[in-house]
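Two complexes come next, and they have one chain in common, subunit A, joined by subunit B in the first and subunit C in the second.
Moving on to the complex of A and B:
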């Protein structure tokens, strides 16, 4: 016993180890204070009654969970968030792939095209959302003015004023902001694929689609996984776009979980309820991340 | 060993540097700073804010003043976030109805503790809405009833009832001008529903014998009548701008300022907003009418200045408020935002003896405020959703308001 304690001590508390601990200390302190503590506190808030500043008052067990889960609006919001995320990420991935393919072909002006495609991603999301809010303005917005002036739609809809059009308009802005990221990642992956593979394909008589399916996609599948995972996490929590364009309205038709958390927490000061929704968000995103991680490492193993 | 010593020396140097920098910062901070969250009222200019800040610091060189402009729609969130973070400003403009919630949080202090008696005595008694449990928890900064502004280039008709207003709105509406303004996008205020609800003789809650608020009455016959009327104006008569569902109050009113609407129910800032917009048409002011057989009952709104308990420099905050409430600054502030004065001395000034202020004074006689209760922000949101559902045809006004009343009662524990 004594010997093994001494061995452990000499292994984990020698000079090298002490130096390692010292160097790790700032990162650990930062991680605990900025990530672990807030997450733990949110879990606590969901189990306690809180005052209007979010301070814990008394243990309430699952009361806040039951309260939130018993409302129709919560389930509608959760389903809407899932639909919003899946739709946005799929469209971003498809458009990103098309743009990457276009940018991967040699032609004059390719460099300019690449720069132009990056602009939406390089702009700040709140500013992009505000610009789109002006574009969607019913009377003075660029979109409706164009539709009216060209005669395409003489009586265009109030884009942000009806549930379906508001949902589509909001999701489009999220897509517009997020596509360049996907395109850039895919493009980087495509450029890393050896030209020899394509040349071999051509010798074997493969057409463009076959080369895309059998060479390009397998060559960037790692990147597809990483990009769609990151995009899913960001889209699920895209507070800025929804809050600036519609604030969740009309009614609750564009509300997603993250805006609901904000509304319950910082507008109504019902922190327990907000914490429950934040915990649900955390659980969903953790599961999503684990699923992606599993897929990623399985691919690694298969290689 | 030498490496450990080097790292140790490096850590010591870093610590020393941090201490020196912190001490320097502390010396700079020795002068108290008063942070004021400053609501961006229509008409209030940046020049005025900057002049007030400079003038105060010139008069009180021992105090820093930081007047932070905040849009009205973000004010509540901004305050609650700062309170939750334990770093409230010294002073903020608030909707007076929020005072009760801040009191429950023990977040604000009685004004008498830091503001001079001379300043408090100069406040018109009728504007002291923030007297809670016998203590003045906020000084009125803007108080005014809502009125009806009429673009006389479009119509001269002063409606005596809501029904008359609708008839005239229908008459004057054409392809490029509208009978009246109606914001349809959810925002912090529920003003438009309140105008029609009060005009129909309704209220948000029944009053208990002990003066507390009972069950919600938004689905009373008066409430339903009000919402049916709003839906009729907006979706059947189409006398409001077609994009109304996507506009908040602040986004909807510019259509009136541009001369393209006959009527707007609005606050006292209308005149300065019209001037800012360069409006050239004539406007006259009247009372928001009641429905036939119901007296005019406009909404009156009071905003207050409060001092936060956990703020670091409350004494200096009181000094700032005393300075701001002098006629030189407060009367100019009132004039810019177009609200009637809240101080006795400013009320005597010639600039406040105009038709707009006559209309405001008349409205104040029969006006009714918001319910002064905790959790009204959530009530507002629930009623907004009901109004939206009715506009969109997702529910009848009766069904939407029944659902809203149920939610409100459930939320308040009934």
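Moving on to the complex of A and C:
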């Protein structure tokens, strides 16, 4: 017993370990005081009644949870968030794949094309969302003008003005931001696949589609997984696009959990309810993150 | 393969141009609008090429709308975040990459997991904390909030760069009598310099583009960073689009340039996690 304690101590509380903890201390202090503590505080807020400044009043147990869970809007928002995330990520992956394939063909100007495709990802999301708000403008926006002038759509919708078109317009901006990341990751994967594989595929008489399905896709399978996972988390968290374009409206047609949390807190000053939704969001994100981390480390082992 | 590619090259180029038009559409609109007068943006049908080309919006945003103040705030916050982040992330990354201690695996796991936490979750309570600490309407508050949310990614990337350095190099320095901290500063950091620069630029960009914390913690115009400052052009009933697009253009140039510098490393880092073991 005594001997094993000493070995344990010498293994884990030696000079090297002490230095490690010391070097990590500043990061840990910041993370604990400005991330862990605030999250704990949000849990507290969800269990207390709060005043309009978010100060804790009296303990209320699960009252705020019951209030939130009994509203229809909360469940609609949750389902919409799931639809929003899945739909956006699927379209991002498909469009990203098309762009990656296009960029994988050799032609002059390919490097320029690659540089240009990155711009939506490289630019600032809040600023892009503001630009899109102007693009979508019903009367004076250049999108509708172009659609009318070219005859593609002579009577285009008031994009951000009606529930369905607002949802489509908003999710498109989120997709538009996320596509270049997918494309670049896929392209990097494609370029790492050995040429020999394609050549032997050709000798076996495989056509372009067969080569894509049997060589390209398996070759970048792990990258597709990682990119999809990362993109899901970003999409789920995309506050800027929704808040700037529609603030969740008209009605609640573009509301997702993350914007609902913010609006309950800072627009309607219902901090307990905001905290309940933040806790729900936290639980969902934690599950997704742990899933991602596990998948990531499993892959590391496989490689 | 090459055969297929040659045959379909015109098709591919056509598709590329179509997709580029789709992806760059809002930027064409931005450039078109910023060169119009405030009357011409409300002309129906809207014009792609301004009838009266004007650069007046540029001087207006600088002189009448204090864009310089927003630029200054963004610069202070972004540089502050960059520096503070490096000061805490580099030592932590060195510990994770090179030292043996209890809980090392758990730390790596956590770094990856907290990378995904949305600022929105904490912002409702962080507001209370900042109000009590009198950090509302301060650059310090924004720098602290931005730093906390960039620590995990920065540490994760730096861990990868440090791990990639052969341990023989470090051991040689240690035999020559260099301390651990000495090797970190004099041997490891210079070798990992390209990685360090990538992480610094990434932090700068993240802070430059940040909107949520600014929206929540900043009310004073003089302290607003660019994203929030430009958002002030969006009015309840009408928006000054010609000024918004001009400011957007000016605000985007620095981040676009910086992004191109690190784009390759960023993609590699995100794809592989940059970390081995």
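Throughout what follows, the second predicted complex is superposed on the first by the 282 of 303 C-alpha atoms of A that agree within 3 Å, B and C clash if a C-alpha of one lies under 4 Å from a C-alpha of the other, contacts with A are read in each partner's own complex, and residues count from 1 in each chain.
The criterion applied here is as follows: contacts are C-beta pairs under 8 Å (C-beta built on N, C-alpha and C of every residue); 3 or more make two chains touch, one makes a residue touch a chain.
For clarity, every value in this text was computed on a predicted model and none was experimentally measured.
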Report clash or fit for the pair subunit B and subunit C bound to subunit A in the combined superposed model. clash
Contact-wise, after the overlay, does A:196 reach subunit B, subunit C, both or neither (first, second, both, neither)? neither
Between subunit B (first) and subunit C (second), which, if any, makes contact with A:20: first, second, both or neither? second
Considering only the touch criterion stated at the top, classify A:143 as touching first (subunit B), second (subunit C), both, or neither. second
Does subunit C touch more residues of subunit A than subunit B does, or is it the other way round? C
Regarding the shared-chain residue A:269, is it in contact with subunit B (first), subunit C (second), both, or neither? first
Applying the touch criterion given at the start, work out whether A:58 contacts subunit B, subunit C, both or neither, answering first, second, both or neither. neither
Between subunit B (first) and subunit C (second), which does A:293 come into contact with in this model arrangement: first, second, both, or neither? second
One more residue to check, A:252. First (subunit B), second (subunit C), both or neither? first
Residues of subunit A that sit at the subunit B interface in one complex and at the subunit C interface in the other, please. 19, 53-54, 137, 139, 266
For subunit A, which residues are in contact with subunit C within the complex? 11-12, 16-17, 19-21, 23-24, 26-28, 30-31, 34-35, 37-39, 41-42, 45, 53-55, 98-99, 102-103, 105-107, 109, 113, 115-128, 130-135, 137, 139-143, 145-146, 148-149, 176, 179-181, 184-185, 188-189, 198-199, 202, 208, 211, 223, 226-227, 230, 233, 236-237, 239-240, 244, 258, 261-262, 265-266, 271, 274-275, 278, 281-282, 285-286, 288-290, 292-293, 296-297, 300
Would you pull the subunit B residues touching subunit A in the complex into a rising list? 1, 3-4, 7, 76-77, 80-81, 83-84, 101, 104-105, 107, 184-187, 241-246, 255, 375, 377-378, 381, 385, 388-389, 391-392, 394
Residues of subunit A touching subunit B in the complex: 15, 18-19, 22, 51-54, 136-139, 158-163, 247-252, 263, 266-270
In the complex of these two chains, what residues of subunit C are touching subunit A? 1, 4-5, 8-9, 12-13, 15-16, 19-20, 23-30, 32-33, 41-46, 48, 87-89, 91-92, 94-96, 99-102, 104, 107, 109, 112-129, 131, 144-145, 147-149, 151, 155, 180, 208-209, 211-212, 216, 226-227, 230-231, 234, 239, 241, 244-245, 248, 251-252, 255-256, 259-260, 263, 267-268, 270-271, 273, 275-277
